[in-house]
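Note that chain A is present in both complexes that follow, paired respectively with chain B and with chain C.
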Partner chain A sequence: MARLIVMGGGVAGHTTATFAKKWLGNDHEVVVVTPNANWNWIPSNIWVGVGQMKKEDVVFPLAPVYKKAGIDYRQAKAVSIHPEGKEGSDKQFITIEYTGQGKEGQTEELEYDYLVNATGPKLNFDATPGLGDGNGQIGANTVSVCTADHAVHANSELRRIFEKAKTEKQKILVGTGHGMCTCQGAAFEYIFNIEHEARKAGVRDNLEFKWISNEAFLGDFGMGGLHMKVGGYVVSSKLFAESLYAERGVDWILGAHVNKVEEGKVHYEQLDGTMGEEEFDFAMLIPPFAGVGLKAYAKDGSDITDTIFAANGFMKVDADYTPKPYEEWKASDWPRKYQNPTYSNMFAAGIAFAPPHLISKPAKSPNGTPINPTPPRTGMPSGIIGKAVAHSVCDMIKNGENAHIHEISMAEMGAACVASAGKGVFDGTAAAMTVYPVVPDFEKYPGTGRDTDYTFGEIGLAGHWIKHILHYLFIYKAKLKPGWTLIPE
Partner chain B sequence: MIQPLKRYPDESINVNSGPVRSFKDSYKDMVQDLIDTATEHNLEALSAVQIGYPYALFILKEDDGSYKAYANARIINQKEPFNSSEKCSYFFDIPITVKRFASLSIIYDDENGDMQTLKIEDKDKAAKFQRMVDFVFNTSLLDRLKPEQRDQAVKALAGKGHMPDLESCFCPTSSKKDYFISVIDKLLFFMFISLWLPLFNISKETLSGWYTYDKIATVSIIILLIGFFFYAQYEAKKYKQCTSCQIGNQIGIMIKRLVALIPFAIASYFIVNPN
Partner chain C sequence: MKEEEVNFGKSDKFNLTMIPGKFARFLRTCVIWQFIRFLIINVKMIIVVGKSH
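And then the complex of A and B:
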């Protein structure tokens, strides 16, 4: 009996573990190690953050689902990987520290035959002074919608602002809290959902909205922009976004690296070297992502973290990490198997794998500060990669180490994204976008690097309905209810 | 080499231009083609997509008459909006008025691929720069117009009508004809108040004064309604796309005031009139 350990229970980890268990059956063991008691459908957190959903609507307990599936669930955080075993034992293992199940604080060694790193990101609030509390958690100056609990807190703060706005002017600032952030889409959704709710609450006139982002142009969305179909015309996402922001009365600051956050004020540097300050009464700034800080040790106890992980803490896989200038970046630099090059029984899925380089053109301010979106690897790509990794591991378990490894490159993969701009059965709106491929392939598609027929977006009420349907659909799938395998990633 | 210019309605310019990644020979050839073509047609600015190269590149004529290339340009800050009347070879140099910003802070890559920053404070140059950045992002002058204006412009380009004018095409957010209605409503309000005065112990002289007010107000409201009607007709001609300027709306507004005025005036004659 082989044992697969999946570190992480988010979109990628949950997908890997559940499919692997389904395909492996009871002949082999699947263990999930995640510090969280609940699974969270993160895309709907923005609706929790504006009070349109409750926390219970976007999370569910993992334990009963894993029990039903026959997956060994450990509510614990992975601390270290020992891919060569230890003195006196060749058996690979990881060390974990429990965060629940009545064993809080206890550590344990878990041996494995195959390991999938799907830990997701560390929300690196402390990368920006004042954004974090100095202990890795969000500070008191801003709110976040990255987790369901964050979103609940964000909504309570937002209600306080709405109450104040009944009698006095208030300023809302939403965007990215660092020059190297990803997930601009979540911030985009949040600012327009707040604006939508403010109108419904009758306080819109007393609210000033400002968008601050590391994107070099509105509508970049961290992927270099796309076409949008609006009112029968095909326009660029830049024009679409500029029109939307103007129509909804949202001003913007672009190419910005937030370098300090204080109570009621952010300091930022822009790509043109401009230094600025922006005051706020309510701010939601997305933090940059980093690896979760896993350590790795050789058999003799020496630290081999640098061998397994890149400098940003994400796991090295079969990508080409050779430093090279932007003009030499190729689609083939991106990984296809998500297999660690040193230890072939280790994989990384979702955000946890180290990308070879950025997707957007790298940019620095005249002061040398890098300001550009980092590659998005959330949502659909995470699920697809997680499933491919599950396939590979299952084949290796069943057919031996030389079994066929399933391949799926982000340079050959499309992705869909539905960005809400306001929730409501009849007055909701959302921008539905598809991108193909996620990573531009400039050799195959000269110019933008993308197939423009499949890189497309449209905004409207139907988009909102789709987003709402997806909310129920993916939670249904994650709960492993009948027919869950038929629902695509 | 001089390249053929794309002209409306050639839709091959409707592509998102890709980033310029290499600044080697092919880039230099592309810049030279842009310069040759712009020189041939005596153009102030020209984007790569206008001659069939889908790259984020354009040239602008500088003060000394030479052309300068801007690759991967982005507008980081923009201030001081104004209405800019612009011509573009793609639209056969027909002037179109669009909203632009007079002050820009930009980034771009120079001929070596090194990122540079630049502040533009000159209105004319800023407008040209924004027009070129629009081309890079699959946005023509027409896309900067509102839907009604755009439809009108498309007809004009087909030789059926005139180009829209930002100042004249749209229903304004506030109209001078509204002043007529505002004054009428205030006069009606005080007429309504006057109807309640006989209920209080008010002298005959005071009531007489209020009755005089009611008579003057009645005549004034009728005159103002007539004035409103004719001024509204004038605005309806000025703002061609204005739905609230339609004659049905104007008549409705007038009827509503008349419905209030007539009973107020009759009631005033019987209630407020001290004689």
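And then the complex of A and C:
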């Protein structure tokens, strides 16, 4: 009997574990190690953050689902990887520290035959002074919608602002809290959902909205923007994003690295080197992501973290990490197998794998500060990669080390993305987009880097319906209810 | 002043963009039109999802 350990229970980890268990059956063991008691459909946190959903609508307990699936669930955080075993034993293992199940604080060694790192990101609030509390958590100056609990708090603060806005002007600031953030889409959704709710609450006229982002242009989204066919034209996402911001009266600051947050004020540096300040009454700033801080040790106890992980803490896989200028970046730099090059029984899925480089064009201020979005690896790509990794591990378990490794590159994979701009069955809107491929391939598609027959976007009520249906569909799938495998990632 | 023209005057940035007019805004929440778009968008997304698996 082989044992697969999946570290992480988010979109990528949950997908890997559940498919692996389904395909392996009871002949082999699947263990999930995650510090969380609940699974969270993160895209709907936006609606929790504006009071349109409750926390209970976007989370469910993992334990009963894993019990039903026959998956060994450990509510614990992974601390270190020992891919060569330890003195006196060749058996590979990880160390974990429990965060629940009545064993809080206890540590344990878990042996494995195959290991999948799907730990997702560490929300690195402390990368920006004042954004974090100095202990790795969000500070008191801003709110966040990165977790369901954060979103609940964000909504309570927002309601306070709406109450004040009945009698006085208030300023809302939403965007990225550092020059190296990703996930601009979540901030995009949040600012337009707040604006939508403000109109419904009758306080829009007393609210000033401002967007602050590390993107060089609106509509970059960490993907270098996209081009789509509309009305007989092929146009940049920049035009559509600017149009939406102008239509909804949301002003913007771009190419901004927020370098300090105080109560009611952010300080930032822009790509042209200028420094600025922006005051606010309510701010939601996305933190930068980093690896979760896993350590790795060789058999003799020496630290091999740098061998397995990139400097940002994400796991090295079969990507081309050779530093090269933007002009020499290729689609083929991106990984296909998500397999660690040093230890072939180790994989990374979702945000946990180290991308070879940015997707957006890199940029620095004259002061040398890098200000550019980092590549998104969330949502549909996370699920697809998680499933491909599950395939590979199952084949290796069943057919041996030389089994076929499943391949899927983000440069050959599309993504469907629905960004809410306001919730409502008849007055809601969302930007429904597909992009193909996620990572542009300028050798295959020399013009825009993408196939414009399969890259499109439009704003409307239909997009909202789709996002709302996806909410129920993916929670249904994640609960492993009948037919769950028929729902694509 | 037409509703779509109000924001053009609010900032130079807004002035250099395109803002949808009354008919385009109506279509965005017109249930019949959006149901048709819902079907079309779903087909397009299924094609992209299919190409990605």
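To be clear about the criterion, the second predicted complex is superposed on the first by the 480 of 489 C-alpha atoms of A that agree within 3 Å, B and C clash if a C-alpha of one lies under 4 Å from a C-alpha of the other, contacts with A are read in each partner's own complex, and residues count from 1 in each chain.
The working rule: a contact is a pair of C-beta atoms (placed from the backbone, for glycine too) under 8 Å apart; a residue touches a chain by one contact, two chains touch by 3 or more.
Here the structure is a predicted model, which is why all the values come from computation and not from measurement.
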**Request:** Would you check which partner chain A:D427 touches, where first means chain B only, second means chain C only, and both and neither mean what they say?
**Result:** second
**Request:** Determine, under the contact definition given at the top, whether A:I466 touches first (chain B), second (chain C), both, or neither.
**Result:** second
**Message:** Quick check on the superposed pair: does A:L239 touch chain B, chain C, both, or neither? Answer first, second, both or neither.
**Reply:** both
**Asked** Does the superposition put A:K364 against chain B (first), chain C (second), both, or neither?
**Response** first
**Prompt:** After lining up the shared chain so the two structures overlap, which partner does A:T274 touch, if you call chain B first and chain C second: first, second, both or neither?
**Reply:** first
**Request:** Could you list which residues of chain A make contact with chain B in one structure and with chain C in the other?
**Result:** 239
**Request:** Note which residues of chain C are touching chain A in the complex, please.
**Result:** 4, 7-8, 10-11, 13-14, 16-20, 27-31, 34-35, 37-38, 41-42, 44-45, 47-49, 51-53
**Request:** Give every residue of chain A touching chain C within the complex, in rising order.
**Result:** 239, 242-243, 245-247, 249, 251-252, 380, 384, 387, 408, 412-416, 426-427, 429, 432, 434, 436, 454, 456, 458-463, 465-466, 488-489
**Fill in**
Within their complex, chain B touches chain A through residues 14-19, 21-23, 54-55, 72, 74-77, 105-107, 113, 115, 117, 119, 134, 137-139, 143-144, 147, 150
**Message:** Show me the residue ranges of chain A that touch chain B in the complex, using the header's touch definition.
**Reply:** 216-217, 224-227, 231, 233-236, 238-239, 254-255, 270-274, 326-327, 329, 361, 363-364, 366, 440, 442, 446-449, 452
